[in-house]
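These notes open a run of structures that come right after.
Two complexes are shown next, each including subunit A; its partner changes from subunit B in the first to subunit C in the second.
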Partner chain A sequence: MDIVIQILVTGMTLGAMYALAAVGLSLIFGTLGMFNMAHGLFMTIGAYAAYAAAEQFGLPLVVAVLAAMAAGAAMGVATHLVMVRFMLRSKAFETNVIVATAGLAILLQDFVLKLFGGYPYPQPVRIEGVVRLFDVAVARQSLLIIAVAMVLIGAVAWLLLKTRFGMAIRATAINREAAQLMGVRTNSVYLQVMALAGALAGVAGVMISSLSTLSPSMGGDPLLKAFVICVVAGLGNAWGAGVSAFALGLLEAAIQYYVGVRFGFPVMLVLVIAILIWRPQGLFGTEKVVRL
Partner chain B sequence: MMAALSISDLVAGYHNRPVLHGVSLDTEPGTMAALIGPNGHGKTTLLKTVSGLVPARSGAIRIFGQAIETAEVHERVEAGLVHVPQGDQLFGEMSVEENLHMGAYLRDGAEVPRALEEVYAFFPRLAERRGQSASSLSGGERRMVGIGRGLMAGGKVMMIDEPSLGLAPLIIEQIYEGLRGLSRADRAFLVVEENPSRLIGIADRICLMDAGRIEWSGTAAEVAGSRDILETYLGGH
Partner chain C sequence: MLAGELNKHLAIALVIAVGFAAVPLFVGERYLLGEVIIFFIWAMVAMNWNLLMGHAGVFSLAQLLFFACGAYGVAMGTQLAGLSIWLAIPLAALAAIVLALLIGLACLRLTGAYVALLTFAIAEMARILIVTDTHCFTLIQNNCQQLFGGSTGFSRFADFGFRPILRGDWIVGHYYVVWAVFVLNLVALVVIIHGRLGLAFRAIRDNVGYASSRGIDRQRYQLIAFASSALLTGLAGAVYAGHFRFAGPSLFEFSTLMFVLAMVIVGGLGSTWGPLIGAGVMMIVVELAKELGDARSIILGLSIVLFVVFLPKGIAGGVERLRAFVFRPTSQNRSTTATDTHR
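Here is the complex of A and B:
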């Protein structure tokens, strides 16, 4: 029982962080048709923004998290305005934008390194202490991460399914031309999606760094995992990405416990390959066959 | 009298292939005009150019006097233009009702329930299917959603690319008569139709499009009675 709770908490914590990153990545892919290689850096910059707000300006933790969201959203907006929107109509957009955002990621990472240095600062935005859950000591920070992620993902789901704004995003994702014919300003939708995904990435960055440390390269690993999750879920399916993130988080925690920590990611990848052989369109993917 | 939709000397095409070579066309408010002609001669491209999906190279497009040829697609919708595209282009993963709601995207929310009721009265089948996803519908039902979604906009000029495609003859008749019934002094229809005999007593004017130009225009009865036109352009429909 103790072990099950421990795996559940660890897995849900991992899943929560992956979900915030993957849902944003998936939204961008679904709407703009681009794989955002700079998404990891959106997380990194969010994490450093929270660090700067809490440590250097002494602001309350909640404000620091809001600063992370604002920084992530600003990165998303800037990426769209200075780069992506000029490439959208170009031929081979899908491949060109991968190279372009990968370049942006390198640039931003060097910028973070220049500004903050490479020292692995601890993330000040965290709460200490443990609570007892059926005799198991569970870190408050883990519970906070799970709760915040659930609330944010619930908010995104509500936004997409129940609001006019969300309808416009879904319509644009499904069929851009038809959305335009309904009067949707698709260029604004792209900008809003980039801002939303950036804000989610910013929070994900704070969470990830709160369990390890800050570093300019901290976004690389979560980006890879978020990408894997998006592929497993079916590229562009935001709902599926959220569910898959929690499933893979739990799986990774279970493998780490029963097989060994260093086997967590490799075993997960083998499973992903098996899933993709069985269902090339991903677990939740439907019609579109995406070539990679 | 001011034309509902006025197109003059419109030139447009894709990349290096011009498709429209100077199209001029006026439709009067309260009427239905129809475009007929062989496939691949610019009917769909004309509609797409009017709605802004294909950029115009030169020429003018006006809706009730308002010039829209350089406007963004959504600005043309704001001006009152509705384009029901070829192949429906529904939002497949959305429900029928969500698709209809998208049609009224720019409308005041208070007007939507009544518009929805009107569309369901027009296509009772859609009321039965309202919760179903659009991708699960039959071809005829999809067409109804496409037209219904267009009606939801409450526009002033409504262009429908082949309203009859994939529908049973009885329903085609019903749709055309229904559209006629929606005719008002501040609204006009422009439809693309393969079979001119369906338009007798429905369309006020028929425009024959060939090789990117309007070659001829007249009444439906004139077209149906003209062996020359039928044989030359329409393969003896």
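Here is the complex of A and C:
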């Protein structure tokens, strides 16, 4: 029983962090049709922004997290304004933008390295202590991560499903031209989505670094997992990405416990490939009928 | 038209081959010859990637996994299995093709961005598994040696064996071995790109629906492209290991991937010779930038972003556009191309 609770808590914590990254990634893909290889760097930059706010300016933790969100959102907006905007109408956008954002990723990672150095700082933005849950010691930070992720994802779901703003995003995702004809300003929708996804990534970065350390390359591993989550959910399906993130987080925690830490991700990936052979459009995706 | 194009590009390949064959006659410096060898290797990887990405339209990010597979094959074959390097090289290339078929069968059911993500995830997974491996497979000179070399990889295994024969000029031996593989690779690429296979690849890339309706099986042809590109890349990796006596996880880390990607993008995705030019340009630029300090990542990132946004067809596409602008086709030119199509 103790072990089950331990796996549940670890898995939910992992899932919460993956979900924050994967939902943003999925939102961007859904609306812009763009796969953002620089998303991991949005997380890294968010984490360093929180670190700088808390450590160097001595701001309270909540403000530091807000700083991370702001930094992530600013990165998202800047990426769109400086780069993606010029490529949207180009041929082979879907693949070209992967290359371009990968280039951006290596560029940003180098800036972080030059600005903060490669030393693995601990993340000051976290809470200490443990609580006992049915005789199992659970870190408060884990519970906080799960709670924050739930609240943020709930907020995004509310935003997407209940507000006019969300309706515009969903309309653009379904059909860009039709949304434009209905008076949706797609360009500002793109900016809003990039800001929203960037803010989520910024928080994810703070959470991830609070469990390990800060480093310029810290975004790589969670990004990889967010990729896999988005693919298995069906690209562009934000809701499915959130659910898949928690499912895969739990699965990874279980494998890490029973098989070994090294094999958490490989087993997950093999499973995902098996799922894709069975359902190429992803678990939550719908099959697309292409008209020639 | 097909045969004419093929002959034209074979002639270009011949000129390149002869030109590089003559280099050791004029250049004696070991450093410079070493640089040309590295150029051969990266040019091969970039051009093979271009076959897959630019011509077949398979956006694979696992290209360096096959390069590493070739290098690891040679390292493990010579150091762990005690094979001769001349046997280890073809075996390593074979291993690359088997790996490619497995990955291709799994990934090519999907298309577009899905393929990119899945191949990227697989390559990273392989790298992480190798790096985190701490279980000792054997002991080499009292040092723990993991089955796949762990985080440091393999080094100081047998090379091509020219040191006792050529003494101080051993690098010339290496040069001609890598040159031979390079020329083989060029000819193979030209034959594929300008033959019927290349036509099928580009037909799928340009319009899957139309190509399928004319009887071209997307999955089958993309798998052929995937496997042949991996075979040639594995061969490049094998001679890399033979030359440097090194194979390790740094061969397929993200920054190496970006380096080769920059070569393909800067040279020109979908062209025949673009990535060869791109490999040369990027190597020279990165070499010059060494004097400015640690600017490699900045240059790689900037050149990728700028080229994708402003010149998505790279240098080759730029030259093509310039040529089309300067030499507008006259009516005579047009009539010859028309007769050429009848062959």
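In this text, the second predicted complex is superposed on the first by the 286 of 292 C-alpha atoms of A that agree within 3 Å, B and C clash if a C-alpha of one lies under 4 Å from a C-alpha of the other, contacts with A are read in each partner's own complex, and residues count from 1 in each chain.
One rule holds in what follows: contacts are C-beta pairs under 8 Å (C-beta built on N, C-alpha and C of every residue); 3 or more make two chains touch, one makes a residue touch a chain.
Given the structure is predicted, the values throughout are model-derived calculations rather than measurements.
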item: Touching partner for A:A54 - first (subunit B), second (subunit C), both, neither; value: neither
item: Touched partner set for A:D110, first subunit B, second subunit C, both or neither; value: second
item: Which superposed partner A:M83 touches (first subunit B, second subunit C, both, neither); value: second
item: Subunit B versus subunit C as contact partner of A:R185, first or second or both or neither; value: first
item: First (subunit B), second (subunit C), both or neither touched by A:V138; value: neither
item: Which of subunit B and subunit C A:I146 touches, first, second, both or neither; value: neither
item: Partner chain in contact with A:L214 - subunit B first, subunit C second, else both or neither; value: neither
item: Winner by number of subunit A residues touched, once subunit B and subunit C are compared; value: C
item: Partner chain in contact with A:A171 - subunit B first, subunit C second, else both or neither; value: first
item: Partner chain in contact with A:R262 - subunit B first, subunit C second, else both or neither; value: second
item: Contacting residues of subunit A [partner subunit B, same complex]; value: 164, 167-168, 170-171, 174-175, 177-186, 286-287
item: Contact footprint of subunit A on subunit C as seen in their complex; value: 53, 59, 106-107, 109-110, 112-114, 116-118, 120-122, 124-125, 128-129, 132-133, 209-210, 213, 254-255, 258, 261-262, 265, 297-298, 300-305, 308-309, 312
item: List of subunit A residues in touch with subunit C within their complex; value: 29, 35, 83, 86-87, 90-92, 94-100, 102-110, 220, 224, 227-228, 230-231, 235, 262, 265-266, 269, 273, 276-277, 280, 290, 292
item: Subunit A-touching residues of subunit B, taken from the complex the two chains share; value: 51-53, 72-74, 77-78, 82-83, 85, 89-94, 98, 101-103, 105-106, 135, 149, 153
